[in-house]
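Chain naming follows the written order as A, B, C, D and E, and within any one chain the residues start at number 1.
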C-alpha cells in the first residue's frame, strides 16, 4: 500500500466518520465540528487528486468562512440540543431507509459504471492556480460575473431578512 | 479570450436588469420617503428597458462566451416572457408593499436580480450556467418569499422553500457532476455528442439525468417534488407568489425543454414513461389537492401544480408540437396566474382574507376585479376564447399526435376535476352575498389595474388570436436544434 | 494506487449521508449542514471527474459551487435567524403553520 | 254544393274558435246563437251536400277532395283530403242532425250552468273533430278526428272540473282511449308499410286485390294484423271489452254530452272506422271473428252490469256499451250495413234516452239515483212519453227502430257464413237482448212509475223542461220510432213490398266485402228469420214482464232476489271489480315501479348516486391527499428523496 | 352584406349585450326593453335567411370562410343548410320570448339580459359553425352564460344544478375535443366540409376501431346534451333550478344541440360506426322514451315533470335519427322544433305559476281553473301539444319518427308508440292536479290571470304549434335536401360518393 492509498483511506475514513458523526450528534455545535472534519479531510483528498487550488479554498472558504458562519449562528441563537420529535411519519419510517437505499444504489452504480481504469497518480494532473485563474477570467468570465450578482443577492437577502430594523 | 461586443449584446437584457437592480439598490439610501416611491417605477422601467434590450438581443443570435450561452429564438421568446412577468410583478407589488409596510427597494432589486438569473437559465447552453442562473433566481426567491419577515407564515414559507430548494439543488448539482463525469464537459453540444446510447458513460449520464430532473422537477413542482408548492405559495407575499408561480417555473421548464430536447435527446425513449407518469401524477395531485381547498390562494397554488402537469403532458409528447404547446402554455399560464394572484394580492390585507367567504359577493364590491378574476379562472379551467383553452388544445393536440391517447384522457379527466374548484370561486363572487363584516375594499390602484387589464386582455387575446404567439413559438422550437 | 471510482463511491457515501442527515435531523442548522455535506460530496465528484478527464473546468465548477454554498449560507442562516425570531424554535417539525 | 263540403266541419270549428276566444265576453244569447247556429248551418250544408250527392252518378262516388298536403317526409305523404261516399254521407247526416238537436237541447239544459260559453265551445269543437273523423280521406286525418273527439270528450267529461270524480273520469277516458290508440297507431304504421300510403283509395284498392287470408290464427297475415290493431283502437273508442271502463265513468259529464258523445256519435266512431275499413276486415276473417266475439261478449257483459245499476245515466251507459257490442257483432258477422244501421238507430234512441234522462235529472234538481225517483210520469209527461218511445226502441219492440236493426244483427250473426260459431254468439246476443229489455223497463218503472221516493224538497221543484229541451226529445222520439223503417229486413219487408232502403244505399260501399264474405249466401228461409225474430220479441217481452213484476207489482221481490244471490249481485253491482283489478294490476304497480324503482331507485340512487359518489370520492381522495401535505418539511424532504430514488431506479435499473 | 350575413346574425346579440353594458344598471325597464328590441332585431335578421334559403340546394348556403388560426389550420367558417336554418329560427324565436318571460326579474337585471344575449350568440354560432374547432368554441362558450343564468337567477338548489350542468356537459365535450383533434390529425383539417370530402373520397382511411372511438366520443357529448338515458340526470336538476328563461332556452335550444350534433357530425362523418351502433343507440332512445315518461309520471314538481318529459321526447328525436331514413330524420327535426315550442310553452307556464305562487310543487296547486281560466286553457293546450295530440306539430313529428322507425324495426316503433300512451298519462295527470278540483290552498284563490305580456309570450307559440302542425311542409321542404344529403353520406360508407362531383360545399 502506497502512501497515497494510505492517505486516501485515512482521510476517506475520517470524512465518512465525520459525516456520520455529524448526523448522529445531537448538539449542532458538535455536528458543525464534525462537518469541519469532513471538509478538511476532503481538502486532503483534493490534494491527492491534484486540485491544489480547490484544496486551498476548501479550507479557507469552506471550513474557514462558511463553517464559522454556522458556528456563529449557532452561538447567536443559542441553539441547544436537538429536540427529537418524530411527527413526520414519512420521514420517520421511510427517511432513513430511503436515504440509505439511495446511498447504496448510487455507490453501487458508480462502482459498476466506473470500473477502476483510471488510477490516481500523483502529479499526473495538477490544477495549478495560474491555469485556473486564466480559465476563470477568460473562458468562465461570465459565470464569474454572474456569481457577483449571486453574492449581491445573498448580501441583499441576508440584510433584508436579518436586520432588525429596516 | 476577451468577451466580444457580440457576447455583450447577447447578454444585454441581463446586463440591463442587473444594472437597474444595482441602481435601485444603490439609490435607496439617498432618497427620502417620497423618492423611494419612485424606485418601483424605476424597476419597472428597468424591465421595459430590458425588453428593449431583448429586442436588440434578438437581432444578434448565436453563441456567446464560447458556448456557455446561446441566444436563439427560444431564449428570446422566454426572455420576453420572463422579463414581462418580472415587470408585471413589479407593478403588482407597488401598492402592495406600501400597504404591507415592506416597501423596501431591495424587493425590486431582488426581483430584477432574480430575472437576471432566469434570463441566464433560459439562454444557458452549459449546465453550470444553468446552475448558477437557477441559484441566482432561487436565492432571490427565497428572500422574496420571506420578505414579510415578521409574519410567521412568510418566514416559514421562506424556510421551507430554502431548505427543500437547496436540498433539490444538491441533487441537481450531483446530476450535473455525473453528467460532467460522463462526458467530460457540461456544454450541451458536447453532451449531445458524447452521450450516445452505447457510449461507456451512458449509465452515468442516465443517473445524471435522473438527478438533474429531480432538481428541475422540484422547481416546476412536478409530483412527487411538488410538496413545497402550496405552503410556499401561500406563505409568500401575493405578488411574489404571482412571480414565483410564473417566472421561475417558466424558466425551469425552459431549461428542461432545452436540455431534454438537445442534450438528452438520445435518451428520449427512456424518459418517455417517466414523463408520462409524472405528468399524470402531477395533474391528479394538483387537482385533487385544489378540490378540497377553501383558501383561494392555496387553491391557486395547487392549481399551478396541476398546470405543470398539463405542460408535462406536452413534454411527454416529445415532438415539436409538444414543445411548441408547452411554450404556448407557459405564456398563457403566466398571464392567467399572474392575473389571478394579483387579484388575490389586492384583496388580501396582511395576507389574510383569502378564504372563499372573503370573495363572497365580490362582484358587487368590485365588479371589474371580479370580472377579471373570472376571466382568469375560466382560462384556468380551459374554456374557449381564453389562452388557457388554446394552451390545453395545443397540448392535447401534441400528445395525440404522439399517440398518447390515454394520457390525454387523463388530462381531460383532470380538466373536469378542476372545474368545480375554479367555479366555486366564480360562484361565491357572483352568487354569494358580501360578508357583513367585510371591510371596505381599497380602490384598485392604477398600477394593478394596468396589470389586470393587460393580463386579462392578454388571456383573451391568446384565446382568440394566437397566431402571432404561435409563430413565435414555432420558430422558437425550430431554433432549438443544435447546429 | 487508488482508482477514481473509490473517490466517487466516497462522494456517493457522503452525498447519501447528507441526505440521511437532511431526513433525520430536526434542527434547522444541522439540516442545513447536511445540505452543505451534500455539496461537498458533489465537489468531490467534480474533482474526481476532472481528474479522469484531465480538464480543469471541473475545478472551476467546484469553485462556483463553493461560492454558491457561501451565498446560500448567508441567505439560509438569515432565514434561520428570522425563523427563530418569529417562532422561537429551531425544530423543523414545529414549523408547520402552513399545511394541508 | 259539393264544393262546400269543407264548410261542414269548418263551421263548428269557427264557432268553437269564436266562443273559445271571445265567449267570455258574449251574452248567453249570443253564445247560444253561435254555438247552435254553427252546427245548424253545418247541418244545412250537409243537407245541401247530401242533395248534390244523391244526384251524382254512381261512377263519381266516392267523391274525393284534396285540399293541401298536410305533411310529407320521404315516402310518407299525407294529404288533407275528404272522402265522401254513402257511408260518410249517412254518418254526416246522423252526426250533424243529432248533434244539432243536442245543441238545441243544451241551450235549455245548460242554461243555469256556469261556463256556458265554454260548454258550447267544446261542443262545437267536438262537432268539428267528429265531422273530420267522418269525412277524412285517409287514416291519418281520421286519426286526427279520432283523437280530437277524444280530447273533447276529455274536456266535456271534466266539464265540472271542481268535482274530482269528473276530472278523474275525463282523464281516465283519455288515457284508456290512448291505450286503444296505441293499437291504432301501430295499425297506421303497418298500413303505411303495407300499402305505402294512408289514403283510403290507395289502401282500399291495395287491399282489394290481395288474397283473403285464412281464418286460422296461425296463418293470419298482415291484413289480420292491421285489422286487429285497428280494432284495438275501436275497442278503446267504442268502449268494448276490456277497455270499456271509461265510458260508465264518463257519465260525470253534463247529460247532453253523454247523449251526443257517449251515446250517439263519438263512441260509434269505432264502428264507423271498422265499417270504413271493411275491405281490410273482410280479407281477415280471423279479425272479423275477433270483432264479433268481442262485440258479443261486451253486449252480454255490459247488459249484465246494467241489470243492477241505480244511477239513471250509468244504466244508460252500460246499455250503450252493450249496444255498441251489438254493432260490432253485426260488423263481425260481415253485415257491415247492418252494423251501421244499428249505429244510426242507436244514435236516435240512445240520444233520446240520454236527453230524456237529462230532462228527468233536470226535473229532479240533479238527482240521478233511480231509487230516489218514481212516479214522475204525471209530472213530466212529454219526457216520460218520449222516454217510453226510446225504451221500446232499444228493447226491440216490434216496428220500433231498434227492433229492425238489432234483429237483423242477430239474424246475420246466426247465418253468417264467416263466423264459425255464429249460433253461439247469437244465443249470447239473445240473452243480452233479454237483459236489455229488463234493465230498460226496470229503469222506466223505477223512474216514472210506482210511488215517488223523492224528498218533499225535491218534489216542489219537479217540473217539465222548457221547450228547447222537449222539442228535440219529440223529434228524436219520432226518429226512434220511424228511423228503423229505412232498413226493414228483407224477410219482413218483402211481404209488404218495402225495400231495405238503407242496405241498398250502402250496397256500393260494402260491395267489395260482400263479394268475399257472401259469395255463396247460405240458403235460409225467410220463415226461419221471422221465427227467430219472434223469439227475440218474446224474450224481450219476458224481460219486460220480469221488470214489471219486480219493480211495479212486487217491489220487494227484487231485494229478496238480490239477497238470495248475494255474491252474484255484489259482483254485478261492483261491475265485476274490473276497475279494482286494473288498478291493482296496472296502475299501482306502474306507479310504484316508476317512483320507487326508476326515479328514486335508479335515477337518484344509481346514476346520481354514482356521480355524486364519484364527486365525493374525489373529494375524499383530495382530503386524503392533502393530509400528506402535512406542513412538515421533513416529510417533504422525504418525498423528494423518495422521488429521486424512484427516478434513479427507473432510469438506471428498469431501463438499462 | 350577403356574404357576411351569418356573421351578423351570430354577433348581433353580442353587440346588443355590449350595448346593455352602457345602460345604467338601475334603469331596469330600459334594460328590458333594449334586450327585447335586440332579440327582436335578431329575429328580424333571421327573416332574410328564410328568403334567401334555396330549398332545392343540397349543400351549404350563404357560406362564409376566413382563415382564423394558421397553425393548426382553423377556419372561421359558417354556413347554412336546412337543419341549421330551422334551429337558428327556433333560437331566434325563443330568445325574445325568454326576454319577455323574464320581465319580472328584478335581481341584477342588466347581467341577466347580458347573459341571455351572449347565450344567444353562442347558440346560433353552434348551429352555423362549419369548422369543428369553431363549433367547439361556440359549444363551450355557451356554458358560461348558462351557468350564470342557473346559478344566479335559479331556485333553491341552483348551485348544485349549475355545477352539475357544467360538469356533465364538459365531461362530454372534452372527450369530443379529443375526437376533434384526433380527426384533425387524421385528416389535416378542422374544416367540416373538407373532412367529409376527404373521408368520403377515401383520401384518408379510418380503421373501424378508430371510427368507433371517434364516433363514441362525439356521441357521448351529444348524448349528454340531448340527453339520452343514462346521461340525463343533469337535466331535471338544471331545468328545475333554472329561471324560466333558462329552462326555456335549455329545453328549447340546448337540448337540440345534441341532436343537431348527431345529425351534423356523427352520422355523416362516421357512417360505419353509425350503422354498427345504430341498434344500441336506438335502444337507448327507447329506454329514454319509456323511462322518461314513467319517471315523469311520478314527479311531484311541475318543472321536474316537464324536464323528464323532455327526456322522453328527445328520445323520440334520437330514435328518429337512428331510423336512418328520410322520414325518421324529418320527423326528428320536426320534433325538435315542436319540442322547443311546446316544452318552451310549458316551462313558461310553469314560470308564470311560480311568479304567482313561488312554488313548483304540484300539491301546492289544484283548482286553478277557477281563478286562472285563461292560464288553464294555455296550459291545456301546451300539455296536449306535448302529449302528441294530432294535428299539432308534435304529433306530426312523432308520427314521422314512428313511420321511419317502423321501416327499420317493428319492435322499436311499437315500444316507442307506447311512449305516446304514457305521455297522455303524465301530462293529463299533472294538468288535473294543477288545474282541476276545488281550490285547496287559500293562496290560490286570489291569483290574477295572465297579463297582456304573458299572453304575448304564449300566443306566438300556440299559433306556431298549430300552424306548423297543419303546414309542416313549410319546414320539411326546407330540410329535405339537407336530410337527403346526410342520409346519402350515412348510408353509403365512403365509397359511393367518391365518384360523385364534390358536394356543393365549396360554392
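As a convention for this text, a contact is a pair of C-beta atoms (placed from the backbone, for glycine too) under 8 Å apart; a residue touches a chain by one contact, two chains touch by 3 or more.
Quick caveat, the model's predicted, so the values are computed rather than measured.
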To get from subunit C to subunit D along touching chains, fewest steps? 1
Go through the assembly and pull out the chains touching subunit A as well as subunit D. B, C
Of all the chains, which has the CA centre nearest the overall CA centre? E
Could you tell me which chain lies farthest from subunit B when each chain's centre is the average position of its Cα atoms? D
State the chain with the largest centre-to-centre distance from subunit E, centres being mean CA positions. A
Most extensive contact between chains (C-beta pair count): A-C
Take the average of all CA coordinates in subunit A, do the same for subunit C, and state the distance between these two points in whole angstrom. 6
Using mean CA coordinates as chain centres, what's the subunit B-subunit D distance in Å? 79
Can you work out the whole-Å distance between the CA centroids of subunit B and subunit C? 26
Report, in whole Å, the distance between the mean C-alpha point of subunit C and the mean C-alpha point of subunit E. 65
Touching at least 2 other chains, the residues of subunit B are 128, 132, 135, 139, 142-143, 146, 149, 158-160, 163, 167, 181, 203, 207, 230-231, 420
Contacts with two or more other chains occur in subunit D at residues 626, 628-635, 637-639, 641-642, 644, 648, 652
Multi-chain contact residues (two or more partners), subunit C: 8, 15, 18-19, 22-23, 26, 32, 48, 52, 57, 60, 64, 68, 71-72, 75, 78-80, 82, 92-93, 95-99
Determine which chains touch and list them pairwise. A-B, A-C, A-D, B-C, B-D, B-E, C-D, D-E
For the subunit A and subunit D complex, residues of the former touching the latter: 87-91, 94-95, 98-99, 101-102, 105-106, 109
Under the touch definition given earlier, write down the residues of subunit B that touch subunit C in their complex. 128, 131-132, 135, 139, 142-143, 146, 149-153, 155-160, 162-163, 166-167, 170, 173-174, 176-178, 180-181, 184-186, 230-232, 234-235
Provide the residue numbers of subunit D that touch subunit E in the complex, in ascending order. 20, 24, 68-76, 80, 140, 143-144, 147-148, 151, 154-155, 158, 161-164, 166-168, 170-171, 174-175, 178-179, 181-182, 185-186, 188-190, 192-193, 590-591, 593-595, 598-599, 603-604, 607-608, 611
Subunit B-touching residues of subunit C, taken from the complex the two chains share: 8, 15, 18, 22, 28, 31-32, 35, 38-39, 41-42, 45-46, 48-49, 52-53, 55, 57-58, 60-61, 64-65, 68, 71-72, 75-76, 78-80, 82-83, 85-87, 92, 95-99
Contact set on subunit A toward subunit C in their complex: 2, 4-5, 8, 12, 15-16, 19-20, 22-23, 25, 28, 31-32, 35, 38-39, 42, 45-46, 48-51, 53-54, 57-58, 61-62, 65-66, 69-70, 73-74, 76-77, 79, 82-88, 91, 95-96, 98-100, 102-104, 106-107, 110-111, 114-121, 124-125, 127, 131-132, 135-136, 139-140, 143, 147, 150-151, 153-155, 157-159, 161-162
